[in-house]
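You will see two complexes here that share chain A, one where it goes with chain B and one where it goes with chain C.
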Partner chain A sequence: MKYAYYPGCSLESGSAAYDLSVRAVAEVLNIELEEIDDWNCCGATEYFTQDELVATSVIARNLALIRPDLRDVVAPCAACFLNLKKTDALMQDDPAMNAKINSALGAGGLHYDAGRVRVCHLLELLHTEVGEATLKEKMVQPLTGLRVAPYYGCQVVRPLGGLDNPEYPMKMDEMFKWLGADVVDYPVKAHCCGGHMTQISEDAAFELIRRLLQSAVDSKADLLLCMCPMCQLNLDAYQGRVNNFFNKDFQVPIIFFTQLLGVALGIDMQKLGFGKEIVGAEPIIQSRLAEQAAKANA
Partner chain B sequence: MITETTEGHRSAFMREVMAETPGGEQLVHCLQCGSCGGSCPNGADMEFTPRAIFSMIAANRRHEVLASNTMWCCVSCYLCTTRCPQEIPITEIMYMLKRTSIAEGMATGTDAPALARTFTDLVEKHGRSFEFGLASRYYFFNKPMSLFKMGGMGFSMFTRGRIQLLPNKIRQVDQLQAIINKAKEIGGAS
Partner chain C sequence: MAEKVGVYVCHCGSNIAGKVDVEQVAKWTGQHVKDVTVARDYKFMCSDLGQKLIEDDIKKEGLTRVVVAACSPHLHEKTFRRACSNGGLNPYLLEMTNIREHCSWVHSDRAAATEKAKSLVSAAAERVKWQQPLEPTYVDVNPATLVLGGGIAGLQATLELADAGHKVYLVERQPSIGGHMAQFDKTFPTLDCSACILTPKMSEAGQHENVTLLTYSELEEVTGSVGNFKVKVRQKARKVDYDKCTGCGVCVEKCPRKVLDSEFEAGMGTRKAIYVPFPQAVPRTPVLDTESCIWFERQRCGACRKLCPTDAIDFDQEDELLDLNVGNIILATGWKMFDCDQIPQYGYGRLANVFTSLELERMCNAAGPTAGKIVLRDGKTVPKRVAIIHCVGSRDIRHNAHCSAVCCMASLKFGHLLMEKLDAEVYSFYIDIRTNQKGYEEFYQRLLEEGMHFVRGKVSEVTDAARLPEEEGKLIVQCEDTLLGRQQRFPVDMAVLMGGMEPQTDARDVGLTCGISCSMAGFFTERHPKLDPVATMTDGIFVAGACQGAKDIPASVAQGAAAAARVQSMITRGKVMIEPIVATIDEENCSGCRICNNLCPFNAIDYDETRAVSHVITALCKGCGTCVSACPAQVITGAHFNNQQIFAEIEGVLWDAMQPTEATDASDTAEVSAS
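Up next, the complex of A and B:
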């Protein structure tokens, strides 16, 4: 399997653990990821706030740069995924916008035929295209005894994403059940993390983050699995500030789902970017897996 | 079926919103059910819920809508869009209201436009976003006191190798800028 790969800016810095684990997991599963040469930022939500044509043209440059022999592009970040998908859909549905975007691309000597590339989310690739049989076959370390809360966030599962049920998605739940984990019922699994509100209006954002952390504690999760850099940043890096703000003592490790998948596939934890999260995840994973090993030997 | 008023009965502002939002023509079908505001994670902070905003759009209260904080509470989570029984692209309408509000200088009570501009200025310069540059510039110019509160968190991120001090630059930044300039030119002409 060969896919164009659009890592996005967060995966180069703040969410390097996502990029490391995606590449490591892909290698073990024989998925070839070819990074789009000279890709640019998707603009997140910030261009759409200012100018729709600039927003979509900036995104379309990345679609236009995908090599002609590749038909699928994978974007692990929620905002990147949504922006690529939304722009491609808009170009297919709206001939006038399609013409304008291609005229803008033309100024850079580029062109994109709407619908040429399928925008695919990583979860879809792993859950549906790789699938249960292969994941089970490649698993070397079952996650038995580890209580995980799957957190999907908002943009990937909503109607534009079309990936799963928009309010109560299950694909990540299913995947980690195949891998032996104890997947907890996490009722807020598709609620919003506050997005960029942590930068604009802290009070509003902190309350959303508090609800997500509280629900993880209520469901006795050992850790929370994310699939979006913004979600991971808000829940992990802001956790200390949320604790101060509400006088709480949350200590919920927040990692990317591909990191834990990598553990199940037997990949070394350092290669998966563990240690970059602020609330450490390694101790609880090690201790749960050790408990299981002890039980198995008893 | 009496779900649609005739063209002549629509307010000028309603026609404007519909024309400038992808899928905006659905707005005429709003039932005023309030699912949008009830679903919104930030609904409680809005001066007017989306339901009220749509009613105000129909009543041509353009200035009040564009000066409100409603769209600035929207973080594009699309839950309202998912739940709207009339398939109104509510998140897209919020983007349209943000753009119009900024263009007309009416987005005064929020730091969101400053964050958006700082973000896109960096993208236009380097081709990639630059988290450290964004955070330091945005907070310095807009919320200098917050830099102290952010310090501890920034340090934790830095020691874990999650902050790059220099931007990544794409090779063909000229090409990206040519595309952006052309898009601005076409957009301005239409």
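Up next, the complex of A and C:
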């Protein structure tokens, strides 16, 4: 399996653990990821509110750069995925915009035929295309005893993406059940993390973050799995300030789902970017796996 | 000899004359179309005087063909055929052309519409000359009727017919008749006990001399046509001899295997492996569920067989196929509830205290699994605050676009019962309250006065993720109150999902078996939504109740009675007319390829194995023409739609292209047809 790979800016900086773990997992599963040469920022959510044509043209440039022999592009970041998907759909549905975007691309000697590339989320790839049988076959370290809360966030499951049920997604739940984890029912799994509200209105953002952390604690989750750099940043990096703000003592490790998948596939934790998170995830994972090993020996 | 064609152009008041210059059309037709001897326009052709015009002209002018340019033939073809008959002309020598729905109503440019009307009239006049006199045939009607489905609609139809002295076969899939109504506790808006008004009808049907009850049975096959259907019914093996069983109930009492009853009890209660679904079941004969019976699992136990005082238990009993001959069929196959777990954000199946309306219905029922106590899933806690969520799977394009018609009233009924029985606070989350039948709005007003709370908005989720201390341990209903314009959270003990009404899962298959179609949603399609709501496009097949569209008990009963009335009129008349507009296969030249056999939507083509040719069963053929166009050897002819007639019609519609001398008008007409 060969896919074009669009890491996006976050995966090069704050979410390096996501990039590391995606690449490590892909290698074990024989998924060839070919990074798009000279890719640029997707504009996140801000650019769309400024100028739709510029915003979509900037995104479409990435699609146009994908080598003609590749039919699928994988974007692990929620915003990148949604923006690529949205732009491709817009170009397919709106011939006038399609023409404008392609004329903008043309200035740089590029062209993109709407619909040429399928924009695919990493979860879809792992859950549906790799699938249960292969994951179970490649699993060397079952996650038995580890209580995980799958958190999807608000972007990737939006109806346009067609990835999962937008209101109550289940694919990550299913995947970690296959890997033996104790997947808790996490009722706020598709709620908003506050996004950039941390920069604009801390009170509002902190309350949203608090609800997500509280629900993880209420459902006795050992750790929380993310699939979006923004979610991971908000929940992990702001956890201390949320604690101060509400006088709480949350200690919920927040990691990317590919990191834990990597553990199940037997990849060394350092290679998966563990240690980059602020609330450490390694101790709880190690201790649960040790308990499991002790039980197996007993 | 040239035909003498009379053309009549109707004004339809201003319906046609408002957009089409009918006088000009009539005048032009008289002058330009060959063989037209009379061309008139008239205010209302369908009036007695209009019809008289045709009759008189046939007699005085010796017309041999008639064209009426007016509305849809669906409305008045019969009228004008009768007028032709009265004038002494074969009724099939009439052609109607529709210059209202197809012209005046859909165009805004008067000049262009007039040109289009000319083309349509010209087409009809050219075609009518090739039409042939046809004679309808008549067949006897078998007075026996099959009613499929023993819910309230089917029961009503059965009793109406049986009381009128006609034989009825009532076929029901479940072990007992009664349908959904048997599951209910109270009925709205009068709050009378559902069982009390239903069971007399059930037992009457069970004992009626004219009713043959076939429960635990399925429809397998329908052949034949109106007046003479041949029906195959599979009577599933009950493993209990119907004739020997006295209904004493010893077998049920002694059966050691208890299983969840996901049908009658909606998963709220249990039943035995051998069971009678509910105390008032008709018939009383139990059914042995071989899936859960210990005997069928490992050939042990057999308690029922040992203890039955009349030796009625028969483990070797097999399904029986019955052949029935009936004249008409009434489909009353009912509905099923929307699977509420398809909306995962409402938590059904995940959050214990989210219930469906059917589950609550069973709990309210004194004969139900909790003996009428309304409690949470733990079986003991009485809810103090209850949320009732409307439109779950209804009025939602992701699931069912239609309104389920009963849920608003059922919610009000539940509100009343919950307040009366538990003194609970009840919150109704609605999009619109729809209470538009007799006594319904008054019931809504009563509930407003009784203190039920109404929140207008679509619930976004039901969750157990508490944000505030008072939400701990509760279900929280999150909803935008659209009257306040505010997001609200309601902590409750119990949430009830008013699951929508859907067609039965196999409704499409039943439709195919009977040769009738379904709407996009899967409800059976009636012949006309307003003027013929219980007939279908297949003569002799009628529909009643929720299988035709979501409806409540009074509406189902009305349709059951209406369908029975339609059947009775067929029985009383004794004969049915078969339209002569049918296909005929030239058997001499048929290659026996059988392509037409499977294409026929009415199963009207038979294959004669011995002679290796196909032939059309006239009584079943609807003259749709599918086989005519599909036949690779072109040996099928459609009466009233033969090649000459169609080509003449095409030439007529293209009159301007056929006559190069009048090409000046061509550009105008091209625009018209493009529009």
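For this structure, a couple of remarks:
We take it that the second predicted complex is superposed on the first by the 298 of 298 C-alpha atoms of A that agree within 3 Å, B and C clash if a C-alpha of one lies under 4 Å from a C-alpha of the other, contacts with A are read in each partner's own complex, and residues count from 1 in each chain.
The rule is simple: contacts are C-beta pairs under 8 Å (C-beta built on N, C-alpha and C of every residue); 3 or more make two chains touch, one makes a residue touch a chain.
All of these numbers come straight from a predicted model, not from anything done at the bench.
Once the two complexes are laid over each other on the shared chain, residue contacts for A:167 go to chain B and to chain C alike. By the touch criterion defined above, A:154 lies against chain B but remains apart from chain C after alignment on the C-alpha atoms of chain A. Judged by the touch definition given at the top, the superposed model places A:57 against chain B, while chain C stays out of reach. With both structures placed on the common chain, the touch criterion links A:278 to chain B but leaves chain C unconnected. With both structures placed on the common chain, the touch criterion links A:218 to chain C but leaves chain B unconnected. Set side by side, chain B and chain C differ in how many residues of chain A they touch, and the one touching more is B. Once the two complexes are laid over each other on the shared chain, residue contacts for A:6 go to neither chain B nor chain C. Once chain A of one complex is fitted onto chain A of the other, the partner contacts of A:18 are absent, as it touches neither chain B nor chain C.
Of the two partner chains, chain B is the only one that A:204 touches; chain C does not reach it. In the superposition on chain A, A:188 makes contact with chain C only, while chain B stays out of contact range. In the superposition on chain A, chain A positions 167 are in contact with chain B in one complex as well as with chain C in the other. Looking at the complex, you find that chain A touches chain C at residues 165, 167-168, 170, 185, 187-188, 211, 214-215, 218.
Of all residues in chain C, only 343-345, 347, 350, 461, 463-467 touch chain A in the complex they form. Those residues of chain B whose C-beta lies close enough to touch chain A in the complex are 22, 41-42, 45, 72-73, 75-79, 81-82, 95-96, 98-99, 102, 110-113, 115-117, 119-120, 123, 127-132, 135, 138, 149, 152-153, 156-157, 160-164, 168, 170-172, 175-176, 178-184, 186-187, 190. Residues 9-10, 12-16, 38-41, 43-54, 57-58, 61, 90, 93-94, 97, 100-101, 103-110, 154-155, 158-160, 166-167, 191-192, 194-197, 199-201, 204, 208, 237-238, 240-241, 275-278 of chain A touch chain B in their complex.
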